[in-house]
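Labels for the chains are A, B, C and D, by order of writing; each one numbers its residues from 1.
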Amino acid sequence: MSYATEKLNEEKVFKDPVHRYVHVRDRVIWDLIGTKEFQRLRRIRQLGTTYLTFHGAEHSRLNHSLGVYEIVRRIIDDGFEGRPEWDSNERLLCLCAALLHDLGHGPFSHSFEKVFHLDHEDFTRAIILGDTEVNAVLRNVKEEFPKHVAEVIAKTYKNKMVVSLISSQIDADRMDYLQRDAYFTGVSYGHFDMERILRVMRPREDQVVIKSSGMHAVEDYIMSRYQMYWQVYFHPVTRSAEVILTKILHRAKQLHEEFYNFKHQPIHFYSIFEDELTLQDYLKLDESIIHYYFQAWEEEDDPILSDLCRRFMNRNLFKYVEFNPTTQMKDLMELNNLFKKAGLDPEYYLVVDSSSDLPYDFYRPGEEEERLPIHLLMPTGEVRELSRESEIVDAISGKRRTDHKLYFPLDLLQDVSTKKTIKRKILEILGI
Amino acid sequence: MSYATEKLNEEKVFKDPVHRYVHVRDRVIWDLIGTKEFQRLRRIRQLGTTYLTFHGAEHSRLNHSLGVYEIVRRIIDDGFEGRPEWDSNERLLCLCAALLHDLGHGPFSHSFEKVFHLDHEDFTRAIILGDTEVNAVLRNVKEEFPKHVAEVIAKTYKNKMVVSLISSQIDADRMDYLQRDAYFTGVSYGHFDMERILRVMRPREDQVVIKSSGMHAVEDYIMSRYQMYWQVYFHPVTRSAEVILTKILHRAKQLHEEFYNFKHQPIHFYSIFEDELTLQDYLKLDESIIHYYFQAWEEEDDPILSDLCRRFMNRNLFKYVEFNPTTQMKDLMELNNLFKKAGLDPEYYLVVDSSSDLPYDFYRPGEEEERLPIHLLMPTGEVRELSRESEIVDAISGKRRTDHKLYFPLDLLQDVSTKKTIKRKILEILGI
Amino acid sequence: MSYATEKLNEEKVFKDPVHRYVHVRDRVIWDLIGTKEFQRLRRIRQLGTTYLTFHGAEHSRLNHSLGVYEIVRRIIDDGFEGRPEWDSNERLLCLCAALLHDLGHGPFSHSFEKVFHLDHEDFTRAIILGDTEVNAVLRNVKEEFPKHVAEVIAKTYKNKMVVSLISSQIDADRMDYLQRDAYFTGVSYGHFDMERILRVMRPREDQVVIKSSGMHAVEDYIMSRYQMYWQVYFHPVTRSAEVILTKILHRAKQLHEEFYNFKHQPIHFYSIFEDELTLQDYLKLDESIIHYYFQAWEEEDDPILSDLCRRFMNRNLFKYVEFNPTTQMKDLMELNNLFKKAGLDPEYYLVVDSSSDLPYDFYRPGEEEERLPIHLLMPTGEVRELSRESEIVDAISGKRRTDHKLYFPLDLLQDVSTKKTIKRKILEILGI
Amino acid sequence: MSYATEKLNEEKVFKDPVHRYVHVRDRVIWDLIGTKEFQRLRRIRQLGTTYLTFHGAEHSRLNHSLGVYEIVRRIIDDGFEGRPEWDSNERLLCLCAALLHDLGHGPFSHSFEKVFHLDHEDFTRAIILGDTEVNAVLRNVKEEFPKHVAEVIAKTYKNKMVVSLISSQIDADRMDYLQRDAYFTGVSYGHFDMERILRVMRPREDQVVIKSSGMHAVEDYIMSRYQMYWQVYFHPVTRSAEVILTKILHRAKQLHEEFYNFKHQPIHFYSIFEDELTLQDYLKLDESIIHYYFQAWEEEDDPILSDLCRRFMNRNLFKYVEFNPTTQMKDLMELNNLFKKAGLDPEYYLVVDSSSDLPYDFYRPGEEEERLPIHLLMPTGEVRELSRESEIVDAISGKRRTDHKLYFPLDLLQDVSTKKTIKRKILEILGI
């Protein structure tokens, strides 16, 4: 028996709060889970700074990755196997791509990607193709297997049906994270009838389609997604933490460039600050490392760095007001000047954040183009795009809703030991 | 209005997956939640190494502390207030003690306590009474208030009814953790009808009692507890991770004492290794710090330290067999010798672990004596100890069940590049 | 103490699967629950014929009535009491109206109302104001109290805020039935965050409003409602049973008018057939009575009555195809003729059903005008109608979706022992 | 293709609140569900009079029968198929026996069986073997198939493993009803990890065994059962309704024997009163019929019959006190006399009920002997009876707990318009 088809003597199961159990029978999957690079995902939270808003949201990306794998496994084993449109030879490829699709995520990916111009997808590919334990397992299947896995994740694989299983508007990734994030945050959104959706998914030529009898379940899924974005993913408190985190990284980089003498040297950051990041350095970065440095930097002499680190670690976040970029740019400029006069560097203490600035995993401009749309399979055999059939989906599709907020440290403004008049004026403009 | 009775303008709520919402109206509670020392609990997992067995168990002690607070708040506000046996003046004290009862926990408390002879309860007291943000908030209520909070947690407070609310065999602590740990691990045990128990709790002289009509709900709670201990808290895989963690700490201390030249100096551990741990040093320890060091130590030259750290970080745990201390001591001694011959230091690679060796939070010898028993309030007004009324509870009470396992690195024994014969003999004795 | 304010010695609780517990403290409520007329609701299913589609939907209107009461009790006791805009004197009135709002429902209300031109609301009023146990309890509160309760339910009570609590687009009635019907059918729709909605409801002048911070929860509720209507309430199989039921009532009335000699005389129906229905006769009608007659009539000589009764009792329902009244009227007329030729009376065996033909409780044309719209309370204090704030609600509001289906007994058409050619032609037109 | 192996073109699913979906692929199963005799189970409640205590418990036996079928289907299709110890030819037999095991239940079986000395199991056999639609479907499979199905249900079938799947201490019947009854009543007991139990069930020679690694899940199931019995099945209010129901049947029979002139003749009861019940008469009995008569009899002249019927229909039940048959027989005799003097016939108004008097479905003396015990499959391959391995099960097994209560109409005793002194004395003895 070849490694690709090898089964474990006995099925292994992981207890999972969302899917009850995650079932593993394939040796390859079992070996991938045991790799150093996959285990590293335990130290990276699925929802970044969200745990500072929803205290239950402490779950890791490993947690989610197992869930995506399990959904794909069920779609294939319980639904697709045996159908003429389905090529059994793609099964293992799908499972591996599902399990590994988030492998390249670093700590607080969104902020890191923004500040240092990284792309976690590049790292996913690098881990799969590079000198890693994951690569060794995959190569053991077949020489070109790592390449195929990377292609599926990058959406360039030739069999588009396989790609659409892993990334489309209704893929296993999204079905898992909506339910999982709802479970761990405890919000009542994020629920939809996945069982029903799995039952109506069908492989068809170059994509996975949904039988039209399942349209209402899909509508419900779309609405769950909408609610989760605005209730959880774009929550203004989470974004406040994100703003501070981003500013810490900026500040540290700036200080490094200015030859500031750190009490606690940013050794793990050298290569990233200097734009020479290697895969091995990247793999060492996880959220423990970040917390380690931020705790240490609470005691740096630089007042901005230490203040921001204390804020992040002790959840003393920035407050916010609504901000309208069309009508309030003048106010913002005035605030900018007043902050300077008040002794607060506006670069760090007066920040506009827009919800579309959020992590790719959740949403980003242009996403609609990248993820394949949902197609319904009509009783006639015809295939139609969802929003043409569903009034509700039509009503919300294509409408971008943006939300701008202005973040600032209210405590520092209310502390009137100095610059009393200026601070009072700032508060006036902010409408507080 | 005094600080002790100050209410927030608007009630604050935290979304909680277990209790739906945690409600905060008291200024004092709000301020305590915002302290540096309370926020630190976000970086300490509620269930230590359990996340390596149940991947969902990544929730923090902050999570649990809010839950215990909420249960006590509901018992008092929805049940006790207005009853003649209840003294309203104790309300705030109860809430604070509930919120802060776990404040002194460090990272992976059980292992740290065992290796370094610490007691997290000493640290809870030290944080409450020392020079901390928590102490400043409490002192603001009343000069002696911190002392009272510490006494309630230490079970020495004069009003024993207050103590029994916070620590007894059916206190808010246990009711929260059983449900919370069940929720996050995803196991189907740990559920019981807390709503009903809250409805039948009554304040009475020196303790909280349970109306006898609620006896079956209490039986169910006791059974949940029993199941959670054996299915989750004493899970052999969790204990394997615990064994390795303990051995890492041992090894690092030993190397420090032998003046081993660490590539990555254990700066955060100096005072603990040298038995001179201060509160400020202790407060810096959290699980990020531990992960930081363990990752760094994967690259130390000492083969034992680096091997154990790699195992812990990458979840390459020890395997185990049942072990009977009465009949198998001779086997153990023989294995000891064979391990040495095989080049494996038995001090680190051949470990007997007994379930009673587990964290205080879950169980420890003598616990029955420390925690107050459960008393039922009969329709006649009489108070009777639970096991005298319940056959089931009687059947299991007082029966200690111990479980011994022998842990070892199977991979190193199966790797027969060297010492083939010795290793084969070891495996024979282990029955593998 | 007056009867109106009398409390039970000890709170009574009913275990409820949806709200955990229903709490009763008021003597008046307890006495109302014990009346003959309220207990009768146990013999009337909440969802009529839906149990033939979703086998779990066997719950009664008593079940739902207790739930509506509990929601109103929570809104008032946990949210409104103590607020200046809320008049405590209206509390008992609200609770009674909530509990009794469905009191006049008969068995399979929709069909009965349609066939016999009844209105369950008339009967609710008649029971409350007539010579009944319910009236006796209410009159005991105050002479004009029954009248006030009836006015609240009829939406004519002077205090419009009270009315809007009981019937508006987001009243306790709907919040209960969506959740309850979802629970008993087992569908995954029908869930929304009622806890949150209860927290953001505010009494205000002439209506209950929702704080705008709760808008997303309300959107979710609206979507749940939309899904429940199309997935559950308008399910075509349920409507098929409804069609048959309606036709049985029609047939029995017709036979009675034609002096048909029933083997089993429709004694309970005499007054209803002859349009002389009294309250006492009406109160004897429940679903047991209906089932009793339908079982007996399975053995009548009239082939149509016995066939339809057998179909209903044994769930041998009509099949259906989509029907477009605009384009297919000619087909329908042709089918009409062909059915006659085939020996099947089209009056009973060829039925167009439109979803707007369904019970008032769920939906009916004009409902939007009758039920008060939802208003949001903005942070500014302004009150704005929901669809002006919510894109999603705006997208679906006012869009009536109608669904027409043509029902017929496929088994009789496929049985080709006679009229083979005609039946084949019928099937051709039906597209089967 | 033979009828026995015929599959539906497309799988049919029923939405089920307990198992999510019930899946039907086999033509035979589909046809059995459509029979008149199976559909009749919709008109018989699963829990008899329990709906008068737990208002949610309105679910029917059809509901439960589908659930048992689904569990057996999953055990076989997901677990047993493919194992050498399992004979695939028994699959359809198991599914049919599971679906039909409760077919012979009548309305409020327990009371009917007790009063009229019937046995629902006799009727199950009679329906399966008699001239019925069910028999016609089964005979279509194979001439002797109905006989085999009846044997499996009667536990006399030669293949004991098949029997143990349908009736043992941990069979599909019990696993379904514990969960289903918990769901519909809303109690928090009755939950256990069925998924895990299904995973560890193994076919073995003459019985189904449980892998010992699943022992804790089985313990939890046993405890759920214990709790459900005492919290739900033996609830004293349910038993009060049961007592009244039994007395109504007694009274009607007695009146019939005394040639009482019923205003509403008990036509459906003639053959049962005269001990000449036929299968066709029995099949007409359902709970609608019972309710129909009880409502009619509220207006009979016999004061006992009409009073009892009013009580049952309007839930005006008897009250109860604890009763100890060992020490209180003298009290009972005295009460007997006093009741007579007070004008209350003690035969109908003073009733001792013991919990072991409850329906076979839940429990009855001797049950342990009839249902096969649970056996664990040890890692060594040895099979051991559960209570020898589990301390908890050992502690409760074999301990019969009996509960005696004395029921009486408190309202009639408190109404002191006549016989004031005697009534006062009665209340004194009753301790009220």
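Simple rule for what comes next: a residue touches a chain if its C-beta (ideal position, glycine included) is under 8 Å from a C-beta of that chain, and two chains touch if they have at least 3 such contacts.
Which protein is which chain? UniProt says A, B, C, D = HD domain-containing protein.
Computed from a prediction, not measured in an experiment: that's the story for all the values here.
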Count of contact steps on the shortest path from chain B to chain C:
1
Taking each chain's centre as the mean of its CA atoms, which one is farthest from the centre of chain B?
C
State, to the nearest whole Å, the distance from the C-alpha centre of chain C to the C-alpha centre of chain D.
31
Which whole number of Å gives the spacing of the CA centres of chain B and chain D?
44
For chain B, jot down the residues that touch at least 2 other chains.
20, 187
Which residues of chain D touch chain C in the complex?
14-18, 20, 34-36, 39, 42-43, 51, 54-56, 58-60, 62-63, 66, 183-187, 284, 286-292, 295, 310, 313-316
So in the complex, the part of chain C that touches chain A is made up of which residues?
187-189, 191-193, 195-196, 216, 219-220, 223, 226-227, 230-231, 391-392, 394-396, 399, 401
If you look only at chain D, which of its residues touch chain A in the complex?
13, 20-21, 195, 199
